[in-house]
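Order as written gives the chain letters A, B, C and D; numbering starts at 1 within each chain.
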Amino acid sequence: MIKKAFALLLVVIIAIFLSVTFAKIPFGYPKTVVGKYYLDHGVKDLGGVNIVTSIVVLYRGFDTLGEVTVLFLAATGLGMVLAGLREKDEKKRKKTPPSLIMRTETKLLFPMTILFGAYIFIHGHLTPGGGFPGGVVIASAFLLMFLSHKKWEAKEKYTKITEALAGMTYVVIGLIGLYVAGSFLENFLPKGVPGNLFSAGIIPLIYTAIGFKVGSELTGLLQNLRETTE
Amino acid sequence: MSSLILVVSAILVIFMIVGAVVTIHARDLLVAIIASAIVDLVLAVLFYILQAPDVAITQASIMGGLTTAIFLVVIKKTERYEQ
Amino acid sequence: MIYGQVIFYGASVALFAIGLYAILVKRNLIKILLGLSLIEGAVNLFLINIGYIWGKTAPILSNKELLAHPSAKAVDPVPQALVLTAIVIGVAVTALALSIIMRIYETHGTLNVDKIKELRW
Amino acid sequence: MSWIIAIAIIVLGVVLTLIRAMLGPTAADRMVAVDSMTTITTALLVLLALYFKRYIYLDIALVYAVLAFVATLAVARYMEGGL
């Protein structure tokens, strides 16, 4: 009880400090200069209409490469931690089979959801979205199949190959930029008319690679988790 | 942002805080997971109101299923009630 | 216009405080992880709050007048680009932590932090 | 005025589902409440896209509509013992 009171006191003190600090930060006024620069020069420099996408893929492309690596490390670490758990769990539980409505419905919805994920990452430079949400939508489509079909599985071989190919595509595009334009992840394709689907140079290519990579990584993660419950 | 949107976002913030309190307070971990889904949902709407549609789409796609499914696998594997 | 500051900063402070309380008081490992994900949401909300500017719209320049004067019409895109990747990374890291929790349950048979001897100090 | 009426009706719907999600005696009640709350929130997102006059925001409502039921499906499978 006394422990709880002290914890509550600490939380209240920290909340008051945070409030006093935040009261000094004005809400709703421009704060950074670099954001203004990106907004004014983004379309002229790179040709992409969605400035957030331009920042994620090209202005801060190296940063995104590092973050994709962190995602890969987390998925691989999960596979490693769960590896021993699978073998000991030999006894089979009795599981309720999925109903007919669910099986039929998910079989129809699966290709549509994959198509929707592809739409999100291909149009990343025109509409909200991009490689990260597109990959998550594709992984959700696989989750739908995992929930409703007992025997259906995503083979680890294929997810690993897709993920490795997508990661290599990302690095190879960066190296071509180094060779042609002079620096890593530099744009080397024509910029096109802003607003068209085929515009913005290498942004759609890199976002497609990120979409495949995130989707296959999260699918492998879900497959690993699923094997532990069998 | 007009005052109508401010009122709507104030109501949504109250919902989010109620959901967070239920997440912390519930003894049944299944209820806690469902309440944290409410928090994620309202957070996505707040990102949308703050004119960040890229972030809102990411939060919405994460919220729709992935986190809930991962937590459910773990409470299936371990135990559902908190002692 | 003080109301916006109270509502949005207040939301992130309240979410942070609730998550911190869960981490300090609760003894169940899954509850502690839920508190951690609440704190993650609070930080993301705070970063987006910093980038917002009154009366401006999203940095997606999809029509002519936005293309003509981008910085007068659109909010700050830099915090949005930071938060976008952080959300997906957060889910993967949460999954890794949950797999470690499953291994702890396998060896100790409990999720209560007080009963796990190796974690006591 | 019409904006206020439309948004007030939707927010009232969210309040009612939130009350059921907080009080609901069983976890199934809460999950049904959260599911209908997601549906109503999709309508709120469409209305706000019209209010902000940015029609590309409709993609987020589409993501909600396509993916929000996956969490419901996962919880249902957990409850019938099939996960």
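We adopt the following convention: a contact is a pair of C-beta atoms (placed from the backbone, for glycine too) under 8 Å apart; a residue touches a chain by one contact, two chains touch by 3 or more.
Note that the structure is predicted; figures quoted are calculated from it, not measured.
J.: Where the contacts of chain B and chain C overlap, which chains show up?
T.: The common neighbours are A, D.
J.: Looking only at C-beta pairs that count as contacts, which pair of chains has more of them, A-D or A-C?
T.: Pair with more contacting C-beta pairs, A-D versus A-C: A-C.
J.: Can you check how far apart chain A and chain D are, centre to centre, with Cα atoms defining each centre and the answer in Å?
T.: 24
J.: Starting from the mean Cα coordinates of chain A and chain C, work out the distance between those two points in Å.
T.: 16
J.: Taking each chain's centre as its mean C-alpha position, how far apart are chain B and chain D in Å?
T.: Measuring from centre to centre gives 11 Å for this pair.
J.: Roughly how many whole angstrom separate the Cα centroids of chain A and chain B?
T.: 19
J.: If I count partner chains per residue in chain A, which residues reach a count of at least 2?
T.: In chain A, 28, 50, 52, 120, 126-130, 132-133, 136-137, 140, 143-144, 147, 218, 225, 228-229 touch at least two other chains.
J.: Multi-chain contacts in chain D: which residues touch at least two other chains?
T.: In chain D, the residues touching two or more other chains are 52, 54, 56-57, 59-60, 63, 66-67, 70, 73-74, 83.
J.: If I count partner chains per residue in chain C, which residues reach a count of at least 2?
T.: 4, 8, 10, 14, 21, 49, 51-52, 54, 57-58, 60, 62, 80, 84, 87-88, 91, 95, 102
J.: How would one label the connectivity among the chains shown: line, ring, star, complete, or other?
T.: Graph shape here is complete: every pair of chains touches.
J.: Could you list, by residue number, the parts of chain A that touch chain B in their complex?
T.: Residues of chain A touching chain B: 28, 50, 52-53, 120, 128-130, 132-133, 136-137, 139-140, 143-144, 147, 218, 222, 225-226, 228-229.
J.: Give every residue of chain D touching chain A within the complex, in rising order.
T.: 56-57, 59-60, 62-63, 66-67, 70, 73-74, 77, 80-83
J.: For chain D, which residues are in contact with chain B within the complex?
T.: Those residues of chain D that touch chain B are 3-4, 7, 11, 14-15, 18, 21-22, 27, 30-31, 34, 37-38, 41, 44-45, 48, 51-52, 54, 56-57, 59-60, 63-64, 66-71, 73-75, 78, 83.
J.: Under the definition above, what is the set of chain C residues touching chain B in their complex?
T.: Those in contact with chain B are residues 3-4, 7-8, 10-11, 14-15, 18-19, 21-22, 26, 28, 30-31, 34-35, 37-38, 41, 44-45, 48-49, 51-52, 54-58, 60, 75, 80, 83-84, 87-88, 91, 94-95, 98, 101-102, 105, 111-112.
J.: Would you pull the chain B residues touching chain C in the complex into a rising list?
T.: Checking each residue of chain B against chain C gives 1, 6, 9-10, 13, 16-17, 20-21, 23-24, 29, 32-33, 36, 39-40, 43, 46-47, 50-55, 58-59, 62, 66-67, 70-71, 73-75, 77-79, 82-83.
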